[in-house]
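Multiple structures are listed underneath, in structure tokens.
Across the two complexes that follow, chain A remains constant while its partner is chain B and subsequently chain C.
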Partner chain A sequence: MKRIGKLMFVLLALILVISACGGNSGKNGSNTDSVSSSGNQATGSEVPKNDSKEKITNLNVLIFGDGNTVKDLPIIQDAVNAHIKDLINVKVNMTIISPGDYVQKTNLLLSGNEQVDLMIVSPFFGYYSQVARGQLQPLDELIDQHGPDIKSVLGEDYLNTSRVNGKIYGVVPMKDMASGAGLTMRKDLVDKYGIDVTKIKSLEDMTAVFKVIKENEPGIIPLISGATGASMLYFNKWYDDLGDGLGVLPNFDNGMKVVNLFETTEYAEQLKLMREWYNKGYIGKDAATTKEVHLDVVKAGRAFSYFGPTKVGKVEQESNSTGRPMVGAEYLAPASTTSSVLSFMWAVPLNAKTPEKSMKLLNLMYKDKDLINLLSWGVEGTHYVKISDNVINYPEGITAANNPYAMGTKWQFGNSFSAYTLNGSDPDIFKKLEEFNKSAIKSKALGFSFDNSQVKTEIAAVTNVMNTYKNALEAGLLDPADKLPEYISKLKEAGIDKIIEEKQKQLDEWVKFN
Partner chain B sequence: MYREQRVWQWSSHIVLFLLSLLCVLPFILLFMASITEENTLILNGYNFIPKELSLEAYRYLWDNSSSIFHAYSVTIIVTVIGTSVGLVITSLLAYAASRNDYPLHKVLGFYIFFTLLFNGGLVPTYLLYTQYIDVKNTLFALIIPYLLMNGFNVMLVRTFYITSVPKPLIEAAHIDGAGEWRTFYSIVLPLSVPILATVGLLQTIMYWNDWFNGMIFITDSKYFSLQNVLNTMMTNIEFLSSSNNSNLSSVMVQVPSTGIRMAIAVIAVIPIFVAYPFFQGYFVKGIALGAVKG
Partner chain C sequence: MDQKAASLRMMKWKKILPLTLMALPGVLYLLINNYMPMFGLVIAFKDVNFAKGILASDWIGFKNFFYLFKTQDAYIITRNTLLYNGAFIVLTTVSAIGVAILLNEVKNQIVKRFYQSIILLPFLVSMVIVSYLVYAFLSTETGLLNKVVFPKLGISEISWYIEAKYWPYILTIIHVWKNIGFSCVIYLASIIGIDQEYYEAATLDGASKWQQIRSITIPFIMPVIVMLSLISIGRIFYSDFGLFYQVPMNSGTISSTTNVIDTYVYRGLLQLGDIGMSSAAGLYQSLVGLVLVVLTNYVIRKINKENALF
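Entry: the complex of A and B
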């Protein structure tokens, strides 16, 4: 026993010494760190605007993506810094944050005094509450002074969409601004049974298609949900959801009258159809509750089709994801609403030390093709090689799977339409996307955003009711004949009318000023 | 009488066997899922006896080993340093608090107890560690916050000292001329190996399984621990599948398959599996001794 004790002591002493050494070196390290960073901050804030040519400004930029797939980010950062130094005299420090922790991490960053000069924000991540808390800076003047290219690339419509109480707080990158609704199907089965996908123009048209699949392919579910946890009709947006789908604008106009989606005759009809499909076995029995990713289910050959938003290039993308050729049928024309435009934006937080520099950097992302490609694809020669003017390929030894700079979220970098396209994908994709954006129906309420602070309790109550009924109803699990009225009355009890009333009031107000 | 005892023994064994099955089966299922062929996994779900075996997930991990093994080594370093330093601090503090001839032992005891009930909350903690101590994006961020010392462990060790290290022994050591340090390492420590092993195991597991510190304090993927990598994958998948924005589908493509996630979970569990039996003897003894008269 005594010997063990001695041994233990020696061990403990050793550990103590080691950790003490570690502690010291760490302290030194972090000390120099904090010194240098505070030094940077000082240069950032003390430089007078006039002689900013002398000193370089440090900007901390938060980008959105999967940090595990961009190991080479430091290399790209150095290249970016070398590139932009002469243009705007700025040095960036990029931090990539994963979608899953984005809310938590950015909330902590913004609530502290940490310097964040430019970041991605989104209504998914609480854009409106960030504005309400005053964590973001209004950008109107900055854009006027330092963002001419932002204005010319985006145009007034998209720029104005992010206005809250009359001020712009976010700048959307150039990406797909609209979405329609479509059915994506397995091409092999479509060909096998000679299904004419161009004839699918409404939900009703699909019944015949599913019938063929159900009768001839016993092991395959004709229709599954297009996103985990989303209801069957989630993508069926024949209305502007005005932010949260509680009180909608049917057909993107409706004379600006907000209505309850669940009380419309269209919705009742659609539910009847879903019930019919369910009874005939066209919809999977577990559609209301499944947690499986739809692409995986199709990949494994267990399902024939799913609903989804449509855009240019989507079908090719999903063919890659499922490993099977897919074919799409669009039955609702694409439309731009506030939610589809504002999905992600760049914003300058209040913690920014030099907002005008942030704006200059942002402007560069809408202007400088080299910068955009650097951020999207990495360094030429290392991460990609050019094969023609606008088409690139991976260099030898690098594939999509082991690419050390696999930036999945390229659309966030400003004018992403001027990025290169990868060999094998559609080289005209961006032209087509631009056309797609232009041709989309623009909702009458594009730019309206709902401030729900007055009806928070009602929204919570209504959401509870929706969680109970919506998925099950839309997957046909419940009979709409008696359950839909029950659902509507429960919603009314929870106060959906008050939400709609409030929304109408705000929309009327908004119409007056626009 | 004898018969009755046997019946009792058998039935209790069966109950215990069933209970232990409940603990073991999920691990077996996890392992089986990791060696099931990907499409079979989606087609038939998780099965104890997979229809089609495939080591593809492990091959993938091996091919992309640099990032996984990097995270693995971060976890190991953090666990080893954290547990050892934590043990030293815990045992020393507990010793001081256990000696009732130390004038402030009651204050100290209350101070430790207080931390069990109250803490500063997330934002103040974050501000303290990033603005004043500046551990952000260092290994210290994974070691120090929340985990290094835990009031509960200190109480456990202190109770053990009070109840299981006879006071006369310490007095005898004093009379023989041993100073405080010598008394501690020659008398007290050898007697408290069981509790130290217990607390060491608790801390090891806490460090090994921690992803929270990584999520809050680490943005540089260089310092991601294994659990952090796993957690990021899971939260990303959850986020991507719950929000239905078409912009996100491009990120979706890169999410590793179910089999790979399972394989990472398997290799994350292995070290704990291996270490546990060595600690187990002490574990039972330590808990029982430390908990009595708590």
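Entry: the complex of A and C
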């Protein structure tokens, strides 16, 4: 009897311990949560403590790119840490996340209390929702205090573009800020059939080109989608998409009147053309469902062309990716919209422990040429050798193919225009890019950002309707004669008009103050 | 007298204690994994703002639920979910029992094992792989049906991935093919458990195979059938996400027959990432699931009390 009593006691104790552990872990989670959220307001006053040069601050930085091509990232990280220790007394821990995983992984990190101090965000990856959900910190004061070089490099205009409800939440790196639309084609076939690419000035002009390819090259699909999962006309931006494409500004002006893209006559005409192309076999029949990467399909010799955004150096870059010389024809002039400027930004998440250190590190990326080149090209002598002031080459034994630090997304590192250029590529590329940014058409609504929190329900419903129709209509799989009206009425049912109305209201408000 | 009662109580304890101990880890697991997260249900009624924290976020009532019922999609996805899962439950159960009975009749052990493995194999294959197996059959550019079979039969090409009408059949066939093996194993186990004497007696009385199956096998495995069906009915509002999302290659055009609640929510929230709306949909699913289980159990109780789950 006594023994059983003892056993019971032990058992009870065990239960208590286990349940206490469970309870605690739950509480701990919420505790740190409240600490980190209230800590953000408090850190401003704690600045002197952190600046005392005694303790080194650890910063977790998320960068954007393909982790498989930068195996030497730890080496670069050590070099970066050695370089910045004396400058801002921080130690960074860089994590690279590939485009395919970016949304899911960052969402997980941000929703689950992980410490992230600086990261790349993008409207494609839910920047506005992150702001609405309070996951990013406003940066105005931080930039004023710790980001003088960010201000001088970017200028007010680009900084202001990222404002949401009057506050800056993201800082764009120096990159291409505009984008046009073009058709990228295989140069060998273009030359073979004497196609004059300078004559391609509109979608209609392409019909004749595709006809030649279809008739003479069996087994080659004349046109495929320019991005996996994106609809055929995704890059055909003859309008400012005002953030999400639900309610657009045709021709980047339209007297500031927001319209439903799918109701425009232009869109109807384009769909008719797509249907004609599909019926004639110019568009791949699997266009709406394929998951193949367009560059791979071209590489394998199964396709002739695809749509894509145009910018300086783009064709050169894609020739490298497909392993075939490519040639581009731009049919929509480059334009600068809020979306194209904000395509990628640096942000300081709510989970950042020391926002002012994050900002100091970010500022360094706009100031310190050595840091930028370290991040972009790796360690001098190991990953590159200098051959003149601004031109570099691979050291012996390293090629573009086996480079252990082939950072493909160099544009993300702050003032990326001050990076070196590789021997053999255009040494004036950055000057040209700057020129490109300046000369692009500026949308009348450049700087306007749509706050969709009032119409979340409608957006969820409209998104579902779009998933049903958009890809298939734009790839010509469905006949627009009866399916386009059906699409439009389903959109209205889902509440697209309410979204447009809300957008118009916000745009009118924005116009008053700008 | 007192002492006797005390020792009797002791005896009872002795019996209960080991069982309680054995149940303890499971109960704790349930508590931590299934009950504690239930506090998260408040998220469905809140406009979650991470800066404020979950508890301090604003209450918005049923607003998160509205998008589910915004369009007639709510009707389509509810209909699809119910009809598909209903058909799946009936067809899988019937065919699994049939196969289990047939397997039970196979006397050669090696052959029996072989059949069993072959039937179970699809259950172990990932849905993503299944989706590409299906794609190999149905693709318009390179598919087996369109390029090899149809030309021989003189049938013209079918664009499977944009024609909604074929998908109820395609999805049902795939589901039964994939899941029959697993249910079959469970039914086979309970059939083997039936005492052979019943069959011997029946044979002596001159009962045919069919009569034996109807009067001995089926009644004996009835409790298992009811239990498995009840479990499936409880999850009737949850659909096999892989089947409905991967296999149709996420082709939007055929969504009128392939869209179910899970895929609807996934597609809608993929772009928005709003956890409030996701929890709202989850709550809606579980509530309807609960109602259905209670209802089914009630009906079964009315018919045969023995077979009811609770």
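Quick notes on this structure:
Operating definition for what follows: the second predicted complex is superposed on the first by the 438 of 514 C-alpha atoms of A that agree within 3 Å, B and C clash if a C-alpha of one lies under 4 Å from a C-alpha of the other, contacts with A are read in each partner's own complex, and residues count from 1 in each chain.
Keep this in mind: contacts are C-beta pairs under 8 Å (C-beta built on N, C-alpha and C of every residue); 3 or more make two chains touch, one makes a residue touch a chain.
Fair warning: this is a prediction, and the values are worked out from it, not measured in the lab.
When both complexes are overlaid on chain A, the residue A:Ala300 reaches chain B alone and has no touch with chain C.
Judged by the touch definition given at the top, the superposed model places A:Thr264 against neither chain B nor chain C. Of the two partner chains placed around the shared chain by superposition, chain B is the only one that A:Gly226 touches, whereas chain C remains out of contact.
When the two structures are aligned on the shared chain, A:Gln135 is found in touch with chain C, with no touch to chain B.
Comparing chain B with chain C, more residues of chain A are touched by B.
In the superposition on chain A, contact of A:Ser319 is made with neither chain B nor chain C.
Contacts of A:Asn393 after superposition on the shared chain: neither chain B nor chain C is touched. Touch criterion met: A:Lys105 reaches chain B, while chain C stays clear of it. In the superposition on chain A, the residues of chain A contacted by chain B and by chain C overlap at 1, 4, 8, 15, 18-19, 22, 26, 30, 33-34, 111, 291. Across the interface of their complex, chain A is touched by residues 10, 13-14, 17, 21, 24, 28, 31-32, 36, 47-53, 55, 63, 66-67, 70-73, 139-141, 159, 161-162, 249-253, 255-256, 259, 264, 267-269, 271-275, 277 of chain C. For chain A in complex with chain B, the residues that touch the partner chain are 1-2, 4-6, 8-9, 12, 15-16, 18-19, 22, 26, 29-30, 33-34, 65-71, 95-102, 104-105, 108, 111-114, 124, 175-176, 179, 226-230, 234-235, 291-293, 295-297, 299-302, 308-309, 311, 314, 317-318, 320-321, 343-344, 402, 406, 408-411. If you check the complex, the residues on chain B that touch chain A are 38-39, 41-43, 63-64, 67, 81, 84-85, 87-88, 122-123, 126-127, 130-131, 133-135, 138-140, 185-186, 189-191, 193, 196, 215-216, 219-221, 224, 229, 231-254, 257-258. Interface of chain A with chain C (complex): residues 1, 4, 7-8, 11, 15, 18-19, 22, 26, 30, 33-34, 37, 103, 107, 110-111, 126, 129, 132-135, 284-286, 288-289, 291, 350, 453, 456-461, 463-472, 477-478, 490, 493-495.
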